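A, B, C and D label the chains in the order they appear, each numbered from 1.
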Amino acid sequence: MGVDLSVRLGPLKLKNPVMLASGTASYGEEISRVYPLSRLGAIVTKSLTLKPRKGNPPYRVIETPSGMLNSIGLQNVGVEAFCREKLPYLRKERATVIVNIAAKRIEDYAGLAARLDREKGIAGIELNVSCPNVKEGGLEFGTSTRCITEVVRGVRKETRLPLITKLSPNVTDIVSMAKAAMDGGSDAVSLVNTFLAMVVDIRKKKPVLSTGTGGLSGPAIRPVALRMIWQVYSALKCPIIGIGGIMNTEDALSFMMAGASAIQVGTANYVNPKAPLEILQGLESYAKKEKIRRIETSVGSLRAEPSYG
Amino acid sequence: MIHPIHQLKAKVTGQIKVAEESFLLSLEAPPIAKMIRPGQFIQIGCSEKYDPLLPRPFSIYRVRQKRYLDILYEVVGCGTEEMAKAKKGNRLNIFGPLGNTFSYPKKRAMSFLVGGGVGLAPFYDLAEALVDPKRGKQRKEDVKVLLGARNRKRIFCENDFKRLGTPLEIATDDGSYGYKGFVTQLLETLLRDHPPPPTPHPPLHLYACGPKPMLRAVAELAKKHRIPCELSIDAHMPCGYGICFGCAVRVNGDYKLACTDGPVFKAEELVWE
Amino acid sequence: MGVDLSVRLGPLKLKNPVMLASGTASYGEEISRVYPLSRLGAIVTKSLTLKPRKGNPPYRVIETPSGMLNSIGLQNVGVEAFCREKLPYLRKERATVIVNIAAKRIEDYAGLAARLDREKGIAGIELNVSCPNVKEGGLEFGTSTRCITEVVRGVRKETRLPLITKLSPNVTDIVSMAKAAMDGGSDAVSLVNTFLAMVVDIRKKKPVLSTGTGGLSGPAIRPVALRMIWQVYSALKCPIIGIGGIMNTEDALSFMMAGASAIQVGTANYVNPKAPLEILQGLESYAKKEKIRRIETSVGSLRAEPSYG
Amino acid sequence: MIHPIHQLKAKVTGQIKVAEESFLLSLEAPPIAKMIRPGQFIQIGCSEKYDPLLPRPFSIYRVRQKRYLDILYEVVGCGTEEMAKAKKGNRLNIFGPLGNTFSYPKKRAMSFLVGGGVGLAPFYDLAEALVDPKRGKQRKEDVKVLLGARNRKRIFCENDFKRLGTPLEIATDDGSYGYKGFVTQLLETLLRDHPPPPTPHPPLHLYACGPKPMLRAVAELAKKHRIPCELSIDAHMPCGYGICFGCAVRVNGDYKLACTDGPVFKAEELVWE
């Protein structure tokens, strides 16, 4: 008996639920030295801005207990170079490509979407409204329901591509943020981005990262991310991509049970380059063992009442 | 960029203490051993659990029988502490080869390989390649390997280099062994002796790996003497293969990634802070 | 040269900055089997409610990567039994006692404070406006600036004891919460309480904790807690007690440099019962080595501009 | 509640594999060894780093020379995996004694000590105390220790109990050694044989430790035969000394803390779900 691993996120159909998270797979070339990108549900490319960005000075990263803090500063080649130099390779590799975009003005988000809408080989757009690293970056959008709705609306007008809004966890009420995104016309939400955090070098009496604060990712944040996904699923039943400290098949399954139709693997790619592939294989074995014909039937299968709040 | 990266659970085939806080770890990893070249590195997962979370980058001290990798390392923190516990038969999660390589002089040249502490690690492999008739095509007497150590307790691998025909020249900070002083001072005296009479001397080539202040001093010597110089640098490397952009280092007017643009850089590229 | 380890939090003067966090030291009897309570700056006792509470059914705890999730359900003996049975022991031990209180109505907070105000041997009251575990509990108070101010005002009327408001980290803007507490008449803020989170048992397809979600504590949350303390200090310069994953002297110092005048040790007590004592000794050695005569001069000594937001 | 809790970095004085996945770890911990009594436990920190974060509770298999603690344990997860790596000379963070104790029969009695797998752990110490003329004051022939194991590969410590004069009666699930069946079935047959003719028989006393289903079956037997029965239960124990309230177990109409009210409970107190 074959297992149907495909999942649907609104208009977006993926061959399987395992995706690479933005900023943790660059533009795919390096990962294809490890395994063929076409194996995965999708790759979400590093956040693109209109102009190329050099990123932040060192230190950009520091390890924390079961996690890591980063402040890359949205280093990226810019949308033009991406379309010219990176996208053709991804097309050649038959990767399912979701392009993540970031900006500081609604017009720029819209401009990015319009530019990408002209390209072939893009399966969807993910809106980074939550990057906590860059001063002029996205935090403001991601922490206000009004701003989220406006950004999504602005982008929605420029493209028919499936639209995913990637939410920030640095909020009181994640459900209202997800609702704001869906209200604006988003087809799905992905959550979570990194948690704003800090590590101090007590010898230098300075933060370790050059920008002071950065974004926390990895297994440390997993229980909080999982709670948020469950809250959003319980309240809205909208298409969800689960992200946050997913390291193995068990983690992926717990996110899917909590309501995620697909999951993104981020920090795990650093620890274990084959993690996404192993998760994919693990999901297949699990489905076989449990006699599940369509993995999608596991989504939201958690037996529990939301008791938060 | 087209070479595959191999990930495997490498079997530990041995581990010996070679000096104070310093170990030589042997791993069986044929696919990596076959491909890896001097200057490149691998990532080693130090823990089965998530603290420490990230893998650690290590140079290759020596490749044996295209099958085994020897890693020379110093215990400096939690990751290397965990590594030191590994016993024969255990398995460690590793991946590679990663990063760029040292270059070989195009013609006959005099090469100085300067290692500060475990910064010596990549230089056995490089020395072996340099004197290999098929690879570096250099004469043994033209390859000089310098090791700087805190004191005599921190000296390792002397016999390996002797056997290779490129014996170590050693400097210790406290003079308890070899030259008394920093290895960069030893280098300076050697550079002063150069050109060596009476033959028309071959051009010079510098390689260095070690703590930042040492690298900086070597870079300054290289500049002063106008010698081509390649430095293998250390950096926090979450991924080691170019996907996180976390290992940025300053180069003139820009950033480069230590893991894919490096770890080997031309001395003149780097910006010292 | 002796080191002056005493610190001041508004009207509250402590002999040293090391405190035991509420809910991680019960009422002190057990810790005094390890070392004399009088050594520490203070013990904050387990959250008290007006009536005794049995707490939640098992499982109440589960380990997570570098952290733990709990849902104790505010099990406590109630304020009367506390005053009768627990407080006399603490007085006898010469412990500096801060009593943490929790309630679901402002009147109950006020009632608790009024009752405690009549007792001798209490150095201060900590308001738990943030316990995420109990359905009828504090989360609502702790996530709204208006509610925080009202609770603090209500309690302020009933007691002259130093008042500390313990903030929830599950908010978008921790600075405004701290400000709301200070506006209401709080003498200091302590932060953070636990992060609302969840762990799933994929075999049972159920959350592990009986209540679904629980509160995440331990080193996993430390970088986020530290960031919040720094934000509040940078913005308000009010007296702060730092909490969240503090395991050793280095952690304590980083919190103090970021702006905490004192720190609370929580989860570390489980891992290493002597952790608070070791931290205290570590602070003293640090001060000696660095030739710091008054540890208080280290508070807020971080050299950095807030670059968040 | 007035006894001190000692925390120390205990030196590992030895570690041997006693059966499949099962180890006997010896620690030097005089202050704890002097005080600890049968049924009590200690917490062992399994990791220097923070994952796994929490310490793990372990019974005392045996106290030697009021100085050494032997811990009998099975590798079931990450913490015990880490423990199994400990070598002679390493140090482990431990604290104790913790929890309550088994009680000794007031007069002459027949004691059955039933261990399921590593549930046997607390029963060497208890058996030794029971037959000690100064403590339990029981006769050796009145103390019967039962061990239930999956199969013969999972049997341990037979010689220890033989030497003590209270040889193990063993049941294996697959009959590869001793009685074929569950240890509770073995217990049942032994209870059926009781009262042993011809003497007026001493009253019975049951102690059990092991997996939940086993404990439940023992509790039911105890109820049926109206025998006093003490169970040592397992629970997630973040602290082990009553400060977190995390280890609540259901007792009739209320919760108790497994770590301070237990780990030893009267069988009739516990509520089975």
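Following the convention adopted for this analysis, contacts are C-beta pairs under 8 Å (C-beta built on N, C-alpha and C of every residue); 3 or more make two chains touch, one makes a residue touch a chain.
This structure is a prediction, so every number in the text was calculated from the model and none was measured.
Minimum number of contact steps separating subunit B from subunit D: 1. Centroids of subunit B and subunit C (each the mean of its C-alpha atoms) stand 48 Å apart.
We define each chain's centre as the mean of its Cα atoms; on that basis subunit C and subunit D are separated by 37 Å.
A straight line joining the Cα centres of subunit A and subunit C is 34 Å long. Multi-chain contact residues of subunit D (touching two or more other chains) are listed as 49-52. Annotation for subunit A: residues touching 2 or more other chains are 65-67, 218-220.
Chain contacts here are complete: no pair of chains fails to touch.
Residue ranges of subunit C in contact with subunit D, taken from their complex: 23-26, 29-31, 33-34, 46, 54-63, 65-68, 70, 72, 75, 218-220, 247, 267, 269-274. Those residues of subunit C lying in contact with subunit A across their complex are 64-67, 69, 132, 135, 139-140, 143, 170-173, 195-200, 202, 204-207, 211-213, 216, 218-224, 226-227, 230, 245, 250, 253-254, 257-258, 301-309. Interface residues of subunit D facing subunit B in the complex, by the touch rule stated above, are 47-52, 78, 81, 85.
Interface of subunit D with subunit C (complex): residues 1-5, 7, 45, 50-55, 93, 95, 235-236, 238-250, 254-255, 260. Chain contact summary for the complex, subunit B toward subunit C: residues 49-51.
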